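Since the structure comes first, as C-alpha cells, the remarks are kept for the end.
Labels for the chains are A, B, C and D, by order of writing; each one numbers its residues from 1.
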Amino acid sequence: MMSLTKVSLSSVVRLQYRYKLKAYTGVFMGLILVQVIGILLTLVGSMQTSFSNNVYTVEVSMFSPSLVIILTIIWAFLNAILMTTKAYREDDFTFVSNRLSYNLSNMAFLLTACVIGAITALLSGGIIQLLTYITQDIDVFLTVTHEVSVGDYVAGAVVTLLYILLAATAGYLIGMMTQFNKRLIILIPVLLIGLNYIAQHNGNSGFVNILEFYFMEYSFSLFLLKAVVTLIIGSGLAILLSNRLEVR
Amino acid sequence: MKVIECERLVKAYCSMKALDQINFSIEENTITGLIGRNGAGKTTLLKIIAGFWRGTEGEVKVFNRSPFNNLEVSMNSIFVDDMMSFTYTLNLGEILDEAKAFYPNWDEEIAFALLEYFNFNPKQTHQSLSKGKRSTFNMIVGLAAKCPLTIFDEPTTGMDAAVRKDFYRALLKDYLIAPRTIIISSHHLDELEDILEDILLVDEGKKVLQLPVDELKEYAVTLSGRTAVVMQTLQDKEVIYKRDVNIDNCSVVVRNNFSHEEVKRLGIQVSPVTPTDICVYLTNQTKGAIDDVFNKS
Amino acid sequence: MVLNMDSTIPIYVQIAEWLENEILNGNLKIDDKVYSQYKLADMFTINPATAAKGLNLLYEEKILYNKRGLGKFVSHEAMTIILEKRKEMKLKGLLNEAVQEATRLQVTEEELLEMLKQIMKESKGE
Amino acid sequence: MGAILSIILIIIFWFIAMNKRLTQKSLTTKKLKLIFIGYISILILGTVSAFFLPSSEANMMEGLDPSGDMTDNLFMKAEQGEFSSIDKQRIADSWEYSYTGEKLTLSSDSYEEGILIERTDELKEAIEVFYIKDWQALGVNAAYMDVSEYTPDMGVELISDTLEFVSPEEEIIIELAFNELGFPMKQMIGESQFGNGYSSSGSRFFYIRVPEDLQIEFSEYLYVDYVNN
C-alpha cells in the first residue's frame, strides 16, 4: 500500500505561506491603490496654516506620510477581515491544510503584507515631497532634521508597523468571530457603540480611552509592550475560534 | 486494513439530520462508489471524512485518526469536487506546480500529460474554464496527487460523455499503477459500476447497503407475469419495489434469494435488475413511482 | 473482445468465459500463465477485484491452478473441464426449454422422449 | 476633510471587497510583481531625489507661549529707549540719509505697522532708518515655526522732504512647504498629534532716528510713536 506521509506543521505552513504570496496578489494591488489615493489626497488637501497682513500672506502647507499611514492601517484591517472569509478559506483548503497551519500561514502572510505596507507608507514621504515640488508652486521647502535621530526614525518605523499589525489583528479577530457566527456582523458594532455610549454616559471618554492607550504612549518600550501583548492576545483568540470552524 | 471507519456518525444542522447514525468502513485500496439521491448526505459524509467538517455525534476514523483538523489526514487525502477553488492569479501550469509542492506523491508527468491530452492551455486560468473543463482539471489534480485516500465528489459534473469515459479509464489505469483508496460519489452509476469494487448506498443520512458491485448486480430480480400468479409467489419474498401493477400484468422487484426454477415454472419471467435501478428502487422515498402522481389525477 | 457491460451476466462471469474461450482457442495452453487481475482490469476497464473474482471462479473449477507468488496457470485438465461444463450448461439449458415448451403444448413425457429418440436416430442415420 | 475621507473609505472598502473578482481576469503573479517592483522603485526614487531637493532648515521656536504677554517685545524695548540693546540680527535693513530740511513728512500707502521715532542729539543733518523684524510664528500642529526670514522686507525712499515706506508689491503670497514626520514618528519623539493652526507674530516696525529739532508730519493712518527718553 501507499505509505502515509508524515508531515510537519512548519513545512505545511511554509508551503501555504509561499502559496499565499503568489495567490493573494489582490492584497498588494489594494495596498498600491490605497497608498496612491493617500499620496494624491495629501497633495490636494494638505493641512495649511497661514498668516496674513495686507502686505503679504505666508502659507505653510504640511506634507507628511500620515494620511498614507492611516489609509494603510485601514487597508490592513479590511484585508485581515477579508482573509477570514469563505472565498479565501476555500482557496486555502484546496491543498493540504489544517486550521492551525491555515492560521499560522495567514498570520505570516499578514505580517509580510504589513511590513511591506509599513515600509511603503514610510517611503511615501519622499514621493510626496517630490510631487509637491513638481506640481505645486512652492517658494521654500522647510525640513526639520536636527531634532530626529536615527534611533527615533527606527522607533517610528517600528511603531508604524505595530499600528498596522494591530489593525490587521483586530480585523482578523473580528473576521473570525463573524465567520463563526454570522449574527456577530451586526452584533459587534452594536455592542461596541453601546459600550461606548454607556462609558460616555458614566463620564468616561469611551473609545478615546482606548485610542489614548496607544496613541498617547510616548515611551517606545511601553508602546512595544502594549502592542505586542495585544497582538498575542488577539491572534491567540483568533486561532482558538477558528479551530472549531468548518471549511469548504 | 480499514482506511475509513464510521461509527454511529451523526451530522445535524439544527433539527435536520444530514447523517443519521451511519455505520460503515472502507477497506484499503478499493474503489468505492458512494451512491444516493440528491440530499442523501453524500457530500456531508465526504466532507467529514476529508476533515473539513466535524460530525455532531459518533466517531469517524480515517487512517485511524480523527480527520477533523488533522494535518496528516489532510496531507494523505484529497477532496475533488466542482467547487474546488484555485487562486485567480496562477495559471493552470502554475497551479499544478504548486500542487506538486504540497503532495509528496505528486505525479508531474501524468499531470501534464493529462493536461495536454484534454487540450488545456497551461497558460489559461482556472476561472476562464467552462464548467466541464473545470471538472476535468480538478480531476487531473485529484489523480496526479496520488493521495492514499482520494475522494471525488460528483467529479463528472459538466463533463461530456467522451470525457467521462476517458476519466473512468484514466482513473482505473492510475489506480492499477498506484493502488489507493478511492471514493467516488456520482449520479452516473451505470457508467461507473465496472470500475467500482464496492458500492455504498446511502439515503436520508443512513446506510442502505454496502456491497461489492457484482453482488449488487445479483441483489434483486424482476418478476413479471400475470398479476394473480406473481402475487401468489410474493408471500415468502422480500418485495423491494412494485412496478406497472395493473389488473392483468405486473412486474415486481424482489430480493434475489430464492431458486428461480420454481417461479419460472409458473410462467413468470425472471429478469435481472441493473445496479442503477436497484439503487433507485431502494432509495425510493414514496414507495411508488412517478407514474402514481399522474395516475391519481 | 469487448465485454458486454449491459448484459445481465455478471462481469466476472463474462471474464471467466472469455478466459475459457482463450483456452479453447488455444491462445492459452496448458501451464501457460494467465493474465493477472490487473492486466485483465486494464484490458477491460473493470475493477481488478472483479477480474480477480473471474479468475477465482476458474480456479475453483480447477481450470486454473495457483503458483505461489507467480500467479495463476492453466491446469492440465482445463480443456476437459471446460468442455464438460459447456456441454452440461448448454445441453441442459436447451433441454430445459424443450421440457417447458412441451408442458405448455401439453406434450407428455413419453411423447417427448419419443421425439428425442427419433431426432437422434435421424441424425445418426445420416 | 472628514466627509472626503469617509467617501474615500467607502470607495476603498468597495474596491477591496471586489478585488478578488477584479483580479481574477488579468493580474497574474508575474504582472503584479512587475507592478509592485515599479511602485517600490518609484517610492525609493522619490525618497532619494527628495534628499537633493533644495530645502531649508525650519527654524522651530522652542518654548514659545503664544498666549502669554509679550513683555520682551522688541517694540516695547525700543519704546523704552533701549534700542541699542536690540540684537543686531533683528535689524533687517537700515538706511542713512543726509537731510537738511526742517520738516519731514512720513507717508505710506500700505504700511500699517508701527513706526518709532527717536529724537537724538547725536545726529545732525542726517536721518537713520532701521527696519526691525522679529519672529513670525506659524503653528505647525503643536510646534511653532519662525518663518520671518521668508517674509518680505519693507523699503524706504526719501524723496525731497517725504519719507515713503514702500512695500514690495501690493499682495504677496509666500508659499512654504513643510515636510512633516508621520504621526508614529512624532509620537515617539514625544510630540502631540493634535495641534492647531495658530499663528502669532512678534514685532516688526521702523525705527527712525532723527535730529532733535526736526519737525515731523504724518497722516493719521500711520501708527507713529516716539521713544521715551
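Here is the rule we go by: a contact is a pair of C-beta atoms (placed from the backbone, for glycine too) under 8 Å apart; a residue touches a chain by one contact, two chains touch by 3 or more.
Keep in mind the model is a prediction, meaning the values are calculated, not measured.
> According to the touch definition, list the chains common to the neighbour sets of chain A and chain C.
Of all the chains present, those in contact with both chain A and chain C are B.
> Report the most central chain, judged by the distance from each chain's C-alpha mean to the global C-alpha mean.
Chain A is the most central one.
> Give the chain pair that accounts for the most C-beta pairs in contact.
A-D
> Using mean CA coordinates as chain centres, what's the gap between chain A and chain D in Å?
Here chain A and chain D have centroids separated by 37 Å.
> If you average the CA atoms of chain A and of chain B, how many Å lie between those two points?
Using C-alpha averages as centres, the distance is 47 Å.
> Determine the centre-to-centre distance between chain C and chain D, using the mean Cα coordinates as centres, and give it in whole Å.
Here the centre of chain D sits 112 Å away from the centre of chain C.
> Averaging only over C-alpha atoms, locate the centres of chain B and chain C and give their separation in whole Å.
Those two chain centres are 32 Å apart.
> For chain C, what residues touch not just one other chain but two or more?
There are none in chain C.
> What are the residues of chain B that contact at least two other chains?
88-90, 94
> At least two partner chains per residue is the criterion; list those residues in chain A.
Residues 22-23, 25-26, 87.
> Got a list of which chains touch which?
Going through each pair of chains, those in contact are A-B, A-D, B-C, B-D.
> What part of chain D is in contact with chain A in the complex they form?
Contacts found on chain D: 1, 4, 8-9, 11-13, 15-17, 19-20, 22-23, 27-29, 32, 35-36, 39-40, 42-50, 53-58, 60, 110-113, 136, 138-141, 145, 147, 150-152, 154, 167-168, 171-190, 193, 197-199, 201.
> Show which residues of chain D lie in contact with chain B when the two form their complex.
20, 23-25, 27-29, 32
> Within their complex, state which residues of chain B touch chain D.
88-91, 94, 125, 127
> Considering the complex alone, what residue numbers of chain A touch chain D?
Residue list for chain A touching chain D: 22-23, 25-26, 28-30, 32-34, 37, 41, 45, 47-51, 53-66, 68-71, 74-75, 78-79, 82, 87-88, 120-133, 136-148, 152-153, 155-157, 159-160, 163, 215, 217-218, 220, 223.
> Once bound in the complex, which stretches of chain B touch chain C?
Residues 30-31, 168-169, 172-173, 175-176, 194-197, 212-214, 217-218, 264-265, 271-272, 274 of chain B touch chain C in their complex.
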